[in-house]
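Letters A, B, C and D mark the chains as written, and numbering starts fresh at 1 in each.
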Amino acid sequence: MNIAFLGLGQMGIGMAANLIKAGHNLTLYNRSRGKAAHLIALGASEAETPAQAVQSAQFAFTMVAADDALETVTYGDHGILSALPKDAIHISSSTISVALSEKLTLAHAEHGQNFLSAPVFGRPDAATAARLAIVTAGPHHIIETAQPLFDAIGQKTFILGDHPPIANLVKLSGNFLIASVIESLGEAMALVGKAGVDLHAYLDMLTNTLFAAPVYKTYGALIANQNFEPAGFAAPLGQKDIRLTLAAAEHLGVPLPIASLLRDRFLTLISNGGENLDWSAISKLAAKDSGQP
Amino acid sequence: MNIAFLGLGQMGIGMAANLIKAGHNLTLYNRSRGKAAHLIALGASEAETPAQAVQSAQFAFTMVAADDALETVTYGDHGILSALPKDAIHISSSTISVALSEKLTLAHAEHGQNFLSAPVFGRPDAATAARLAIVTAGPHHIIETAQPLFDAIGQKTFILGDHPPIANLVKLSGNFLIASVIESLGEAMALVGKAGVDLHAYLDMLTNTLFAAPVYKTYGALIANQNFEPAGFAAPLGQKDIRLTLAAAEHLGVPLPIASLLRDRFLTLISNGGENLDWSAISKLAAKDSGQP
Amino acid sequence: MNIAFLGLGQMGIGMAANLIKAGHNLTLYNRSRGKAAHLIALGASEAETPAQAVQSAQFAFTMVAADDALETVTYGDHGILSALPKDAIHISSSTISVALSEKLTLAHAEHGQNFLSAPVFGRPDAATAARLAIVTAGPHHIIETAQPLFDAIGQKTFILGDHPPIANLVKLSGNFLIASVIESLGEAMALVGKAGVDLHAYLDMLTNTLFAAPVYKTYGALIANQNFEPAGFAAPLGQKDIRLTLAAAEHLGVPLPIASLLRDRFLTLISNGGENLDWSAISKLAAKDSGQP
Amino acid sequence: MNIAFLGLGQMGIGMAANLIKAGHNLTLYNRSRGKAAHLIALGASEAETPAQAVQSAQFAFTMVAADDALETVTYGDHGILSALPKDAIHISSSTISVALSEKLTLAHAEHGQNFLSAPVFGRPDAATAARLAIVTAGPHHIIETAQPLFDAIGQKTFILGDHPPIANLVKLSGNFLIASVIESLGEAMALVGKAGVDLHAYLDMLTNTLFAAPVYKTYGALIANQNFEPAGFAAPLGQKDIRLTLAAAEHLGVPLPIASLLRDRFLTLISNGGENLDWSAISKLAAKDSGQP
């Protein structure tokens, strides 16, 4: 297959490499040059503009940081929309707003192209190891067509509906659930920690009983160790995802009190010097409020 | 060993049976008679009062519903304190307040007896199957002495400190974390559910990725199925545990905003006819606030 | 003075009438025609477009419902920006976002025009009676020039700074404070009401002691009487103002937990059939949560 | 009248003095001696115990700090209950729990005595000036009998019901409303303050418009000036009143989200060194969370 891949951050590089390894012909694009050397050595080529990258592609993957970056590569004279062949498929794996996903669904339909949302769960090491979980939504036959590509980058695909923005909403809700775990663990550890309980023994108990899940192991260790630098996923990105969750919820008319609390936590963290910390650093605010150092 | 076992509710019956099966000599006590028949058939005997139950015991287990019940069996003319032999050990497995645990620690010391807090995680089926997780705190040598009994009723013992009330605080914090999962899942499902996502597909995605833990599987299924009756753990018990968590946190000077939210949720549920529902029914309040039936 | 007045809703009609009574020469514009008859009888004239309305004006007042309406009258071929004479002053009295106010401040400067934010506190009857409170911010000499007009429509002008968006932020914060009063009164009345206290006696006590302020009298009476229809200020407008407050606060990095709560209250109200009620109807949610009818 | 007055704190001294000035015969009691000198000079006498103070009284006023102090003076061998003549009236002006008020209502009835709750609004200067607002509940004829005493210490009496604990609930709800004003002003000032608005100009605008009430003037000035020492009403007392409000609300089944937030604010303030500050110091937490010094 001819695949365009746009967005070579920590996640995108691993995903693109796995598509190449699966035998596909990749054309790469990244806003800043110089990220693609390793992939070019594997056989990929590099384009000057998004339009050039997608002009003979059957699939265009996008994996960028936020709404504005995706709008930049999609719209405009050199954007995907203007150049992607008819019937080709834009697979959007970025964590973006539900509203932008709605807009892109319409825009691609107007251009005779297809649009699929396929955000992923997993950190950069999972992207490298082709162990991502893919959450997708879109027309059934389009998902079927894309399935071999999903198999090349991930270990499991979850189909949540036939309307692409559904997958973006589900992805946002997943990040909301992770942030809820961070906050609740932060509160629980502030409580038992102030009473003198050893936090590693506490975490060991939790993760060997009801809370034996990756999310508690990963984030529990970060919190118990106060290990917030370097950031695996920086606080402003967490803040953005909660903002997008709240925006989607407001549009749907769904109040989310824990998301409101998380919003306030991210604001507090970032307004007090935490903008370079991992998003799990919101956990230390409960301890701080309780007078712990 | 001669063991007194006080409190033959759904949990206590399973725990007592496993102690009998391990070869111990049990004397039982329950406030209302008639719960012990099955255990007497296994070889246990039954006492008329708490004092009579413990008078020649090396260990006295208590597994009752709440602070007031434990105070009733412990204090007074026919209470444990007055009759438990010197150097014997009171093992308290009930979910009680940190304050009562402090009080009992002192009271038993004054009577030349020992006190151990050993609350458990697990539902009645885990009690029957000797698969409880035991969270304990107390003097090291006392825990060592009790270890064979813990092995008879559970699959793993977690030692959290040498001061008994620590174990009660940790148990309460665990129930707080479970309730946080219920609330956050309730909010997330209200959000994606209002957008039309199938909740079972959603849960399947969560529990096969980051949230692959018993707590998400168990409660996620209850929420997705709106299966709140009969209650496995009734709403007023959940409310009680959050109240005790908040009381312990206030005493320690630790603000817990999610616990405050949970408090309000339980009040709302119970004030609107939900007192006989499972505590996981607080999850439906987010959906209700969003206008879903 | 030649004054253009754009936006003839309940508030704008009263304000425009008072400017005419003060001897000014008014040219009116409203999106839907037919609102101006009464004012034309007083001597005003009516324009076909915003541009036509302002083309020989020294001042252009705008008093419209929301950001999008103000953008419509300001930008575009027939907008204010394109036609307002150099050195003339756009006085924006609408409750709009801080971000739009920033944008208009820049846009008018680029066109050699002046921009003043002057949102008002007061209901339609106060507009009619020229008893509005005007909150303004902008360059000192521009405010001085506009002062006679403010005197014609209000009873007092408060100058909050020299940067126009400051006045919009202050106006939003004022509406946030009013909504906080509504919510806290709703909670207090849910509490004492469930205990059987007569709410009118309760309100009488409050407003004759520490809470002897118009905001408690006005909203207390609405709440005690459950008098939410017809809406003086509809719930979606309250929701909008809290949304704009939260957006401005997020931009400034200020967490506002009560505003987050208010956001959830408005979502709950509107998702449960309350979109036509007065914004003070959020007060009944606390009573409803407590099981009161 | 023969009046016993128990509790000579800042409030009690002013109230007792005004009763003496109105021509009554006062017998005083205070836990620590030496507070009464000034009142003895005005003609009062001093008793050694609560019982001695009330033994020939027609009225016994109590004005103490908290539940435990009131229990101490009421119960026991030397308590009011044992010595107050039949048909005499205990007027409780302390801010106490609804539960204790219920208990005292019953206890006095069992002793053939009367009980009236009459908590007051006002600071020490209002007590001295006989300008308190009195909130009372109890049997109508008992209130009538006490009315001349209320007139001697206050400027207005508000009758809220015939069951004494109602007055305690109303008093607590009033303090909750004051704390809500402090918190919402704190948030609003954190917002506009971070944008550079002068807080005194802001407060001047608020208190000359919708918020022209003593509570905004008094607390607004404290907040704008960051004037939290010495405490007029110390943070732990505010915390206590919110705790009692939440306890009464829990008993009635009424969730109060703003009260839950206030609870967390007081915990945060006191856990971070604020225990000697005025309760209005919770207002600075919003500013602190936003990164302001």
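As a working rule, contacts are C-beta pairs under 8 Å (C-beta built on N, C-alpha and C of every residue); 3 or more make two chains touch, one makes a residue touch a chain.
Treat the numbers as computed from the prediction; the structure is a model and nothing was measured.
J.: Specify the chain most distant from chain D by Cα centroid.
T.: Checked the centroid distances; the maximum from chain D is A.
J.: Is the contact between copies chain A and chain B built from the same residues on both sides or from different ones, judged by whether over half of the numbers are shared?
T.: same
J.: Roughly how far is chain A from chain B, centre to centre by C-alpha average, rounded to an integer in Å?
T.: The separation of the two C-alpha centroids amounts to 38 Å.
J.: Counting only Cα atoms for the centres, state how far chain B is from chain C in Å.
T.: 54
J.: Enumerate the residues of chain C that touch no fewer than two other chains.
T.: Answer for chain C, listing residues that touch two or more other chains: 249, 253-257, 261, 264, 267-268, 271, 289-291.
J.: Would you mind writing out the residues of chain D in touch with chain C in their complex?
T.: 121, 133, 135, 156, 158-161, 166, 169-170, 173-174, 176-178, 180-181, 183-185, 187-188, 190-192, 194-198, 201-202, 204-206, 208-216, 245, 248-249, 252-259, 261, 286, 289-291
J.: Which chain D residues qualify as touching chain A in the complex?
T.: 264, 267-268, 271-273, 289-291
J.: Taking the touch rule as given, give the residues of chain A at its contact with chain C in the complex, in rising order.
T.: 243, 249-250, 253-257, 260-261, 263-265, 267-268, 270-271
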